[in-house]
């Protein structure tokens, strides 16, 4: 399938804005690279605290991405494949965490799961304290990342259409089978990019976390929080850690790159 | 069990955890102090959480299990007192005054507060945050009006812009200039003495480790704590 | 399995009643856009009727209140497009039905292999659908529908895109497989209708134009389309001692069935082979002669089919050459009354 | 097309996780609502400063969304429709602004477009000062939002496949015509949701803006910056303004809801 | 416009050389998966050959170094699937080609209306493609390809899915339109090949099995597939005074063309109508008799086609009934030597 792929070119001029866009994104990264103190780089990114923060970030982001997939895929399916009154409003509401400045999102979470929040009394009675724990980090990350998965997956579901689902149903597949064996595999590229978005957003999450979860080493101090703190005491280390975050992200995203379709 | 780890209690392994919430400007000093404190107290581990003073107050009010709170401004400590969440009377442990921060080499040739009114990129803290309020008071006292290109939300943002050379000058605390090392130069000015910022500290109410919390407060107020703070440029209250 | 459908779909101008008896195979014929695929969609549950109902045995599948989901109907549909699942291999595509019915993987694959072999696509099992030719894809789609082992099977042009080498074999397979099943099969081919179906239903413009046993409809069509597909000539008119057509001419023939009353709608049907073609209007015995303009000449083995609008005449290649026929030539079609069947519609 | 739509149900159980997801997102909004001081609400959100901040936010977000579309659509097309060595790495790099904590992104922008940044000298020579200007706000918003558009559009492009583009080319349409008359209309749902994501992300952008552009009323203080500042002095007003942001977002997103396909 | 193609595609086992002269219409015949669509894809530029080249007039379209983009070739392809643009109306779909060639909107629409009328789909102009039946979609796709007014037209089964009522008319239209154009048309129908094409190329397994003037190939096929599509019986063997088949029997016939040398590959070709069917091996004049098992019976007008594997015999319905034929019956096919044409392949 190498030389034989179907060949339809893209317009030549399209490379110009694409290049401009790439430059806009890559130049700042280059700017950052230009400030890295390479002699100390390895030392800076391998301190105990750095490793702790990185580990915490990876673990919480993985959990919240999983949560996003578990909750977001059904949400996207319901939004794309059913219609009910008020669906439009619900869609807009679900997207809100995207537009809310993360700090505000954190406040909202605090108002809900905090001691004095909506569910504070109930949670207290259960002996659960959510805020300022690792659970809070995951919750904050899930809250801000979920809409990204939902939106991109809903788009993919709509673009894919329902033709194959119809065929599968007429072959006797129950909705669950259709979902599992037809819908999901067909929108896999969309799901992968949605999950990548969610993971990336979780990995970079800062505002909601610091507000809702606080910044405690090993428990709630994720990499972005650690970088933020380092910025005050050791700007070089902050740049180095940012670079580390970038490298981690490149690896993760590169690993989960969208597959090819027909 | 993430929620267990943040509580200040003996977790069974013989180690007692003390959680200290401190203003962001105390990051470097409190890390040092915590180390010294741990060295003097076997089996004690000090967990530090830094943030804007008002954020920290919000967090404690919403149930964060802190044992000690060190604020960068009296107002935030007052809020905590008003919420009935202090375990003992707050005590002032440090003071701080403003200084002009300029990029290395001082490209705009700033020498005094009056130079800041000229045609240069001046960044200040927003009047709503303590350093901004202080800057405003200094300006009033000196009878000048500033026209900043940006009113930042935090000292660190001012510092970052000066350090990067983006701003020609900014008004920050002496300790911030000291902490930034070679990235910025500090220029003292006489009017700064009119506006002194005080840092109060207090144990938090309902702490599981009330005694240890009080010990930490005393440690900060004691010789070791004070010498660390003064090395960083803080004044004595 | 008996099917009873009576449904309307307003925006397609569709209003059809259709019954399929247990074990019966019904062929749906009709021009493009007549409503054949619509009928299958209604039965499969891919379309909700605006009014009316669909019953399978005594169960109401679609109706004013009732609605059975497509997967619950055990009705398999081979749609007009193959629509093979692009992410599954050919084998897994065919195994999809059995798997969905709960069979284990190995068993389903065995079933799938069987059906692939039946449609002559056994060697394609491990391909990806993207790497199939058009006809190969069509065969796999047929196998997939058959493998689902439905109570009612709906086939939309199962023989489309197939080459002449496999068509007879697949037709044989279908004939064997469909024999004891309830089936509705859409086709544009009289041979398929004759060989596969017990009964034929002709749709035109969303209505049933005629129906009856396959052989009978094709031998004695009442609708223009059925005549066309059976390869017969048909003239339509009112009874007036003969068939009085719209343009006023009178066609004589042998009345089959009940004697019509004057004014009754009747048709005159005859084989193109019974039509003689002349450059000049002939005298003599044939009592029916029509002046027509040749629109088209089609070779037909060692004969030539001369088309003139809706009428056709078969003449030998030699005669066609001698008559110097070409589209645009005006000729006279002549047919003996004894070769013309006339009956009420 | 009302009663006659093709009918394939979604699995019944899927509503449960979808509902859970919706609750996770909506509950904090409810938590926020519960803290709104309704008696002062109208006064709080109509102050001069609030109106200025809202106006600035809407204007800059609109401009940066437009920029994202202009640059991001070509980028997505190049990523989805061509292949060249290093494409995988490029894709990962382009997605980076998503994972970079916005504050770090702001620093990177500063290192690039700032006076002493990579392009500082060049920009100075042109007499352009980017930092502390509205341009900086737009730049920061575009930087963080661009990847969202690129990722979701690339997913949609891949899901849509190339079949129709092939047909169009064989009918004599130049790549530009194919792009304009076939590719774009077919992925419109994906483009709309991508642009919605970008707009939402721009509207909520905080960290990069404050780091790179600063915060000055009327010039660089967007709504999130204003809310952040209010939080300290007047938490009630901050909550009220957040609610305003939410309402604005609901209106914008609701307006641009994805169209139907096939 | 002359086309010269010689190309291989390794993973499809494809290696074909094809020439189309200026104004010539070539019909591509062959079984499913023979490489017909692959040929069109290569010419249209949707597929790059692994080796070889495609030339249109003197321009190299594909080759080792050359590559002309599909849209620059002025080669229009009607693919096997209609693939109407879902977001454009039927009219705008058909107007797409003229628009792309730079015509103004009103002019393109006029052209589009013209071609829609030609394929009998004039009344569908304002529909959305989603609201078309299968056959309607196919007709619109044909109109779209014709409207693009290409230098070279590639049609993949243009008559698929069409009903018997429009097929003759569309065939006429195509015949007129294709007359002075360079065209490659893929079909499974001998009639289409005969009526539309000047020359026929038969592909089998990615190779050219035979080619020649349409009438000649269909009258005197050299490949099994061409015989099949022409409806003729064919036996293949080596010359040994007659045709010595693989199973050792000798088939006698009249040699046409150059006298073969012993051992030359030869075929024996005869019409199914010339085959007589017996329950018992007959004595008497016909010198060729084969014992075969009936696999299939197909009605054919007033006759029945008796299939036995690759061979077929046409007998009257009456004779079939008298012989009590059914699939599985063993019978003897007998054909007079004078009815058998033998020639070198």
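For clarity, chains are labelled A, B, C, D and E in written order, and residue numbers in each chain start from 1.
As a working rule, contacts are C-beta pairs under 8 Å (C-beta built on N, C-alpha and C of every residue); 3 or more make two chains touch, one makes a residue touch a chain.
Since this is a predicted model, take the numbers as computed values, not measurements.
Chemist: What's the minimum number of touch steps needed to get from chain B to chain C?
Modeler: The distance in steps between these two chains is 2.
Chemist: Tell me which chain's centre, taken as the mean of its C-alpha atoms, is farthest from chain E.
Modeler: Centroid comparison gives B as the farthest chain from chain E.
Chemist: So, what's the distance in Å between the C-alpha centres of chain B and chain A?
Modeler: Chain A and chain B have C-alpha centres separated by 33 Å.
Chemist: Roughly how far is chain B from chain E, going centre to centre by Cα mean, in whole Å?
Modeler: Chain centroid spacing, chain B to chain E, equals 86 Å.
Chemist: Counting in whole Å, what is the centre-to-centre distance of chain C and chain D, each centre being its mean C-alpha position?
Modeler: Computed value for the inter-centroid distance: 55 Å.
Chemist: Would you kindly tell me how far, in whole Å, the mean C-alpha position of chain D lies from that of chain B?
Modeler: Comparing mean C-alpha positions, chain D is 35 Å from chain B.
Chemist: Mind pulling the chain D residues that touch 2 or more other chains?
Modeler: 6, 8-9, 107, 110-111, 117, 163, 166, 169, 174-175, 178, 186, 228, 231, 261-262
Chemist: Name the residues of chain E that each touch 2 or more other chains.
Modeler: If we look for residues of chain E contacting two or more partner chains, we find 45-46, 69-70, 81.
Chemist: In chain B, which residues are in touch with two or more of the other chains?
Modeler: Residues 160 of chain B each touch two or more of the other chains.
Chemist: Which positions of chain A touch chain D when the two form their complex?
Modeler: These residues of chain A touch chain D: 6, 8-18, 20-22, 24-32, 34-35, 70-75, 77-78, 81-82, 88-105, 107-113, 117-119, 139, 142-143, 146-148, 150-152, 154-156, 158-163, 165-166, 169, 174-176, 178-179, 186-187, 189-190, 192-194, 196-197, 200-201, 203-207, 223-224, 227-228, 231, 238-239, 242, 245-246, 249-251, 253-254, 257-258, 260-262.
Chemist: Of all residues in chain D, which touch chain B in the complex?
Modeler: Those in contact with chain B are residues 107, 110-111, 114-117, 131-132, 210-211, 213-217, 220-221, 225, 228-233.
Chemist: Going by the contact rule at the top, pick out the chain D residues touching chain E in the complex.
Modeler: Spelled out, the residues of chain D in touch with chain E are 163-164, 166-175, 177-178, 181-182, 185-186, 188, 261-262.
Chemist: For a test of understanding, state which residues of chain C touch chain E in their complex under the given definition.
Modeler: It comes out as residues 30-34, 36-38, 80-81, 132-136, 138-139, 156-157, 160-166, 168, 171-172, 188, 191, 194-195, 225, 228-229, 231, 271, 273, 295-296, 298-302, 307, 327.
Chemist: So in the complex, the part of chain C that touches chain A is made up of which residues?
Modeler: 44-46, 69-72, 74-77, 79, 83, 85-88, 96-97, 99-101, 130, 144-145, 148, 150
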